[in-house]
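As written, the chain order gives the labels A, B, C, D and E, with residue 1 at the start of each chain.
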């Protein structure tokens, strides 16, 4: 197969072109150019599908990859090498990811043309949506951290714009700012990690990093008292945490549902949050080298469980889905942490499908009934049969019911986690990972079915109190909300067909190659386990001897040289390593356990909300419910404690210092100093105590204040001074 | 920065004996040769500038059916010497509220800006003082010093008339620089270079090879250039900065004596320079109408004469225009520049570019005669 | 020999006028001294064989930016204004006094020292190239670079200039009160 | 022969002068003058390196673009100054304390 | 023996030197030759016989600045076009004429956009700019 850049670039460029055209001429185009966006994503999808076909069904060996670079700039002279290459890097993982992103984005675009119809922000929405998608595709295509970081930031900007698209609503503005600022925290660390990597190996390309790891270039380097690899790995993982909304930096994601629902679908499913997981997977060798996988696993477990608990008490459909995303991201991180590379990536893919479908279904509901508070919904099944069907498929998938994709991927992760926590001889405290994981799985089943039952079953409350409530407070639709004659849903290629297509992919056998998923034998033969064959953690050794392909070259490597690896299910676990048996056991146990837990969760939900034989949570445990409703007070902590108490407090203190102390003692600035010194010397003989006690203090405070005032001056010229001084001190200290 | 008058002379044998005279010090010899030529050119230009004032008065008198200067020398031809002596002996008055530093600096800047342009003026193929690769571009650039000097002269006087004239003058000069530059850009595009040598080499031979006749666009470009050049040198009908009837004398109202003389000198030399540039760019420059296979110094002198003839003919046209057309209003001035000349100049540039691509750079004459060199 | 003379002249003009820009109180004079500095830098470019850049320097700066600055000084009165706002350290009543100059001088000295330190370390590792006095024309090569290697920057610079034109025209346009 | 270091020193000195202007003077136009000095110092460095270190004219192109950017910056900067002056009747930099009005 | 290529700059410096020398020479000549009887009235700025009121260094119309602004943008654009124009024929001879034309025309088109914008907004009108903008707003 001959690959040139021309056959890869359209994946990324088509949405960019759509973005540019829509940004400048969108208003003049019919329908604000939404068809253009859809078309461009379809072009991406076609090109991605070609790559996917070649990598998965074609003759490419398992570890085949395309890597093309061009020189971005080269400022090296003499012995100073300062050279940055940009390029594209496609391996199996990227091929799968590209297809997933472009495919789901295409369906979401298609759905959005229906959902955003007659919306005031229709045009702007279709400016940012293709850009968002293109940034994600570019991120997947990137061969180095730097260009990845650029796309990363573009995505950050796009998510900011999409979340805050109803910028006339204060809440949306706040949410978008929150998303932007919170991810910035992670990005700073990511940048730091990139700079650190650059300092050691002089490149941020993935393959360079892999080969540097293989060659041991990271060994023996220390920074801040910890090993360099650990330092960089932590920095990069913090970046991933910000983007993937892991535990301390998770606060932005639930608020991100302020935007239009398709935008949320894109953020939650295909693009934004998976970028962090993607980065962790790409940098997996570094994480292993830095020995922080246990940290990743713990963070993931906390996120998975914590988010699941919060999701139990949410009443907003989208909020439930948002917290379920958080929870599932936690599972992905658990997967990365416990070494279940394959399953973690598979969970990215499966989750993308069912979460996109869930969000689109929620969008469908909201668009149909203009309500998203679950207590006010109910009995929608007969009005929205297609939505109900697809949402039910996805719920089954996310809950981990066998035969569905979520079961396959999540339970592989959980099986590995079980092994990791109990059988691999790790620190016994790490048993918390599988415990929280399984608990979270049960909760997932519970809250998802709670959502389903409250929304689609029971009696329809919409007919009774039409005027009791206002609009759904999310999307400002053009038409009035009070005429709640819920229209019977018809099959429409823009509104339901995307849902149904996505629902098809919630079946497990697409990914696992057999019907049941792992742990129950291979009914249809292990050769269909394409996912396990194709995706594996990067083997860093093979990157040591590599040659850069120039950007314009045709990919001419002999692709059939290496046979495609075979995955033998039996031999895979029955190898010479005695641990393999334990692993197999763990998987079987884990699978069984999770099925039981999942059905338990469904049962409780059924009893609680259909049969009503168990009292709802709120009445049983009011305290816990309040805590959960407050989302563990994280927002309160960040806003009230960190910002209001900490930052504002510091501000107030400085202001008090400025106004109260400084102005009282030294109104005239330097003149007072002089006067006070003069007085002090004059009165030194007779009023020593007075001088020291009163004026001396004044002088001291004054001088101290002078320093403080300098730092708070707000004068641009002073900042020039500081800039130069800091730069100079930096250079002198580092002794460059 | 390659061809200079020194490198031209160096191909003759007497250069070596000259070099021996200077003890082999090539740098010194270069300097001396340049100095001689520079002084000669300055002398010539000063004379032309002086005669320009005379010619102006005489021609205007002819046009207005008067006699004009007729007392000093035969036909009053020594009038300009008398004027020069008069200026030198006039009292030097400076307004008490003037900015002394800038008051001195302004005429000097004008002189520097105008004189520096003379370095690249192509009097002949060999006697071009310095045929830089960026020749014409350099000329445009350095002559923009005049704009600064006009502004500073007006500012430094601290007189309302001067200030108004200075502001007007500066904005007029910079405005008209744009159509002029773009017209010259079209010629650069046709000639494939900015050096006067390159441009001249493309116009060798019969007048059909001149750039003015190269294609319809360059024909228009010449007139755009000429009008723009008139305005850049503050000549009538664009002499608003020094409009006698409105602004007394514009930016040099407060200048007397020698410094006024320098402003006037700079202005007249600049007119000569833009006429020379027009001749060199559009009218074939110093090229003989026939291609000769040999090159001797007298031939260069013939070329100088050809160049001067063309330049002075343009100079005559400039004076002619001054006494024929009424002065523009200031809003007309601006609209002519920005709404007529600049779009036309851009149109010409685009046309020339397309012409070069379509007809492979051949001129109309070459196309008509089928081929060319 | 001539090159050295030209270099010395240009360097003197550059540095001398640069100092004058910094210390002259009259803003109009500052602008005129800036003109000297810019012409000096053009001379330095010329000694480096960068004829096109040198002429561009004169064309854009002398013909354009300085005139624009002179206009701006004229339009803002060119006077020293006493700020009503509170100043840094309660110093600096108007445009620069001995305190600010002392402070900036200190900063400048620190900066020079730092840079000299950097230069010392870099200069040793700098490769030296054969310097020839016969320089080919830079114009053609710059032209080729502009249409080949830097064509995007070339086209984008026109957009930048358009943006600057539109933005500045909007800001500066006379408005009806 | 003139060495690279002499150019670098001139450019360094010019940069520092620009810095001094930007720090010490209070008129916004004067600060813009300082910025011009700094930009020129940078452009000079580019050309000097282009002549003495590299074998191509990329440095020239870079300084061309610096000049372009400087022109754009001066145009917009001075427009802002003029507008500022129309509002505040002053060009003192410390008067610039508000983002609106 | 060939002269060094920098010699081409020498006439420029010499001419500038001559200009400065001529200026100061003329100045000193006039100092020597001209009478000097300064008086206050003589050194008053000329205002057709009226007593000048106030300084001339007052604020001017902002239109001057707008003209300068348009000029500088066009100036810089033409500067950038010069090297491209200089090699245009060369490119055409190399068979890249169409490419060069596209590059060149796309650059110029932005220039034209600039002038069209200013034209439309009335920045090119010297006197009428107020009325035009007034009309447009009301």
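Note that in this section a contact is a pair of C-beta atoms (placed from the backbone, for glycine too) under 8 Å apart; a residue touches a chain by one contact, two chains touch by 3 or more.
This one's a predicted model, so the numbers in the text were calculated from it and none came from an experiment.
Within the contact network of the assembly, the step distance from chain C to chain E comes to 1.
With steps allowed only between chains in touch, the distance from chain B over to chain D comes to 2.
Among the remaining chains, those touching chain A and also chain D are C.
Each chain gets a centre from the mean of its Cα atoms; the one farthest from the centre of chain D is A. Across the two interfaces under comparison, A-C and B-E, the one joined by more C-beta contacts turns out to be B-E. Chain closest to the overall centre, judged by the mean of its C-alpha atoms against the mean of all protein C-alpha atoms: D.
Each chain gets a centre from the mean of its Cα atoms; the one farthest from the centre of chain E is A. Taking each chain's centre as the average of its CA atoms, chain C and chain D sit 5 Å apart.
Centres computed as Cα averages put chain A at a distance of 55 Å from chain E. We define each chain's centre as the mean of its Cα atoms; on that basis chain B and chain C are separated by 29 Å.
Here the spacing of chain D and chain E, counted between their Cα centres, is 20 Å.
The residues of chain E that reach two or more other chains are 2, 5-7, 9-10, 57, 60, 62, 64-65, 68-73, 75-76, 79-80, 82, 86-87, 90, 100, 111, 118, listed in rising order. Shared contact sites, meaning residues of chain C that touch two or more other chains, fall at 2-3, 47, 49, 52, 56, 59-60, 63-65, 67-68, 71-72, 74-77, 88, 100, 103-104, 107, 111, 126-127, 135, 138-139, 142, 146, 157, 161, 164-165, 168-169, 172.
Each of residues 77-78, 715, 717, 720-721, 724 in chain A touches at least two other chains. The full set of touching chain pairs reads A-C, A-D, B-C, B-E, C-D, C-E, D-E. The residues of chain A lying in touch with chain D in their complex are 77-78, 714-717, 720-721, 724. Interface of chain E with chain B (complex): residues 1-3, 5-12, 14-16, 18-20, 22-23, 26-27, 29-31, 33-38, 40, 42-48, 52, 55-57, 60, 64, 67-68, 70-71, 74-75, 78, 81-82, 85-90, 92-93, 97-98, 100-101, 104-105, 108, 111-112, 115, 118-119, 124-128. Listed in rising order, the residues of chain C touching chain D in the complex are 3-4, 7, 11, 14-15, 18-19, 21-22, 27, 30-31, 34, 37-38, 41, 44-45, 47-50, 52-53, 56-57, 60-61, 64-65, 68-69, 71-73, 75-77, 80-88, 92, 94-96, 100-101, 103-105, 107-108, 111-112, 115-116, 119, 123, 126-129, 131, 138, 141-142, 145-146, 149-150, 153, 157, 160-161, 163-165, 167-169, 171-172. Only residues 1-2, 26, 28-29, 32, 35, 49, 51-52, 55-56, 58-59, 62-64, 66-67, 70-71, 74, 135, 137-139 of chain C touch chain B when the two sit together in their complex.
Remark: chain C residues 88-91, 100, 103-104, 107, 110-111, 113-114, 117-118, 121, 125-127 touch chain A in the complex.
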